[in-house]
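What follows is a set of structures for review.
Two complexes are shown next, each including subunit A; its partner changes from subunit B in the first to subunit C in the second.
Moving on to the complex of A and B:
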């Protein structure tokens, strides 16, 4: 339990900043939709499509991707650069437990961030005399959660592979967007699933695909744990 | 039969082409203060990290409080009884003193809250202050509090006095020297010879990853001698290639021999070589250390 507490204390600034950013922007997108429409989408589209283009497929989704990637960073390699790895590793807990606590905390935080816009959009829409189906919003929330966990896992693995605070972040971003570009290449597009398309519902999002993404995320976190368990600190 | 809290057998660690520790056979006796001396880069920190499972040995094995530290499960068991204060003296900057004590206490069922409270008062640590706002000396005291409140069987410290002011060093050394009486063995690395000489019962000197000296300070005082010889010709160093000779230093026609078993055998040999014995004197730890690490260069 105290390892979860430690993981929370280490990630809470990033998480709370994400919480403020996503909730604030969600509110702006909904409450000031007429002003925002003119800037980021098109005036001649329905409210539902505006929300999809602006939030679940648009700028907010990209912000969410960056935030979850940042949530994945940290861990023992970062602690080593701060000089606290010795204290952590001398505790009578296995490295796998340290990894599990950090991963669990990050997954919960990712899910909360994913569900936030899905909750705020239908809740705030009546204030501007619009409505947005709760069911549809939570479907996007679920897709963001699954996709977000994979992105979190990529950041998590990157922070194990690259010790530097910035190099891990840059490597994770390059990997993620490199993969995204690769999925659009002719001949490759049929074999790779673009995680961004899955999250906005325009890509495959059946149970099998979501299960495969979840397994990929679990495998990525396991790989990070395996590398950590064998590493010298 | 001597009871050892640390035993290593041919312990080695290689980083690429660098041999940080080479075939180290170290034994640390229970209920003593043992100083672990060596130059920078001699392998002290790497040895300690291997003992605590932070770094994996390239080869060799060892026991920490009877548990194999190369076995992850046994190493975990050993860490329940071992406390460690690292060289960096960094603790979680984002926690307050109180939070860190609460956090650490949760991992040790035999945590003694009354000892923690007493040390908190004794060390004058502010409970609500963030760790990042503490001085290095205060952080060291906090690390010591976290270590001592669970009455560890073994306390391992890596360069504990590094970066501390003289008053903090004094307080730390006094605390450490009293621990064996409470059942805590102290094993600390340092390159501050005077500190080791002051509080250690025994000293291990590591040089280029190998154990060069393992002696009690009493043995050093009683048995080791510095014999200064003067020759009328070039000193014949080869004549003093004897088991008890630890080091030889030649300066012109004068030769200084450090013997580990008194002076008689060396003096006898000197007489056969027509040497004049100028001086026979006991040596201190500094001379032994310098003689050891310079001799191995």
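Moving on to the complex of A and C:
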């Protein structure tokens, strides 16, 4: 429990900033929809499509992706720079437990961030005499959670591979960008799912695909744990 | 001091430079391939002229967004981070003023930013010649100026936030959110006429024009008043960062 608390203390500022930004922007997208429509599209579209373009597919999803990627950063390599790695490693727990606590905290934070717009959009829509189906919103929430966990795992792995200050963040963004390009390349597209399409609902999002993404995320986190357990601090 | 500032930022700089170079090279050298096959660019980019293709993919599209995002990480500096690393005392004990310590970081960052902004202007016309295409150097340099000045504002905002916020990742998250939020503020009806969106200005959004033969997509002449305002704003943010650092107790 204390390890979870430690992981929470390390990531809470990033998480809370993300929480405030996502909830604030979700509210702005819904409550000021007439003003924000011009930012999202120049076409006359329905409320449902506007929400999809602006939130579940568009700007808000991009923000969520970057926030989740940054949530994955930190860990023992950064602690080495701060001179606290020795203290953490002296705790009577295995490195795997340290990694697991950090991963679990990050996954819970990612899920909360993913569910936030899915809750706020249907809840706030009646205030402007519109409606958005709860079921559909939670479907997007689930897709964001699964996709977000894989993106978190990419950031998590980067934090283990690149020890330099902010190098992990830059590497994580470049890795994610490279992955996004690779998924669209001819030949590769059949074997690699585009996580962005899955998250916005335009790609495959059946149970098998979501399970495969979850397994890929778990494998990435496991790889990060394996590298950490072998490192010499 | 120069070497120190360079060593602190070189991995980030080289990673960003490599990524931008790879993207420019990919866009130019694989252009026929990209247009013929399913590609990581929207469907409408597969039509149109070469200059439009480069503009949509590099100067107003993916590369510009990536540049703006990664510049945030280049701007992270100051003495606050060193306090977390417990090296602030060592740095402050050097026989130089605080102004010189962070002044060097700012100058090195500005040079790196200029190099990054120039990268597409060097690579795209040069690589285009290899693939028997041509991209006008003046247009490429036009965007380099805009990328540099726009990048300076992002760099300065990131630098200021890294000076005033203590956590390692708080500054990049805050700067990224500020970058996103400013696009909404700029689009707000009472302000939309002033063209305050930094990213739109960097990409000459909605100001590009075709030449008479409809073969070349051209930007308008550089708006020096707008560039001066952007540069002034960047200087203002950097001055604030210096002032805060001078007053901070380490």
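In this section, the second predicted complex is superposed on the first by the 231 of 233 C-alpha atoms of A that agree within 3 Å, B and C clash if a C-alpha of one lies under 4 Å from a C-alpha of the other, contacts with A are read in each partner's own complex, and residues count from 1 in each chain.
What we mean here is this: a contact is a pair of C-beta atoms (placed from the backbone, for glycine too) under 8 Å apart; a residue touches a chain by one contact, two chains touch by 3 or more.
Just so we're clear, the structure is a prediction, and the values are computed from it rather than from any experiment.
After alignment on the shared subunit A, the placement of subunit B and subunit C results in a side-by-side fit free of clashes.
Using the contact criterion defined above for the overlaid structures, shared-chain residue A:166 touches subunit C, although it does not reach subunit B. Using the contact criterion defined above for the overlaid structures, shared-chain residue A:94 touches subunit B, although it does not reach subunit C. Of the two partners subunit B and subunit C, it is C that touches the larger number of subunit A residues. Of the two partner chains placed by superposition, only subunit C is touched by A:189; subunit B is not. Of the two partner chains placed by superposition, only subunit B is touched by A:6; subunit C is not.
Contacts of A:82 after superposition on the shared chain: both subunit B and subunit C are touched. When the shared chain is aligned, subunit C comes close enough to touch A:35, but subunit B does not.
With both structures placed on the common chain, the touch criterion links A:227 to neither subunit B nor subunit C. By the touch criterion defined above, A:108 lies against neither subunit B nor subunit C after alignment on the C-alpha atoms of chain A. Once both complexes are placed on a shared chain A, the shortest Cα to Cα gap between subunit B and subunit C comes to 8 Å.
Counting contacts as defined above, subunit A residues 82-83 meet subunit B in one complex and subunit C in the other.
By the touch criterion stated above, subunit C contacts subunit A in their complex at residues 8, 11-12, 15-16, 19, 26, 37-40, 66, 69-70, 73, 76, 81, 84-86, 167-170, 172-174, 176-177, 180-181, 183-184, 187-189, 192. For subunit A in complex with subunit C, the residues that touch the partner chain are 13-14, 17-18, 21, 25, 28, 35-36, 38-39, 59, 62-63, 66-67, 70, 73-74, 78, 81-83, 164-167, 169-171, 173-174, 177, 180-181, 183-186, 189.
In the complex of the two chains, the subunit A residues touching subunit B come out as 1-2, 5-6, 9-10, 82-87, 89-94, 229-230, 232-233.
By the touch rule above, subunit B contacts subunit A in their complex via residues 49, 52-56, 72, 76-77, 79-80, 82-84, 86-95, 99, 102-104, 106-108, 143, 158.
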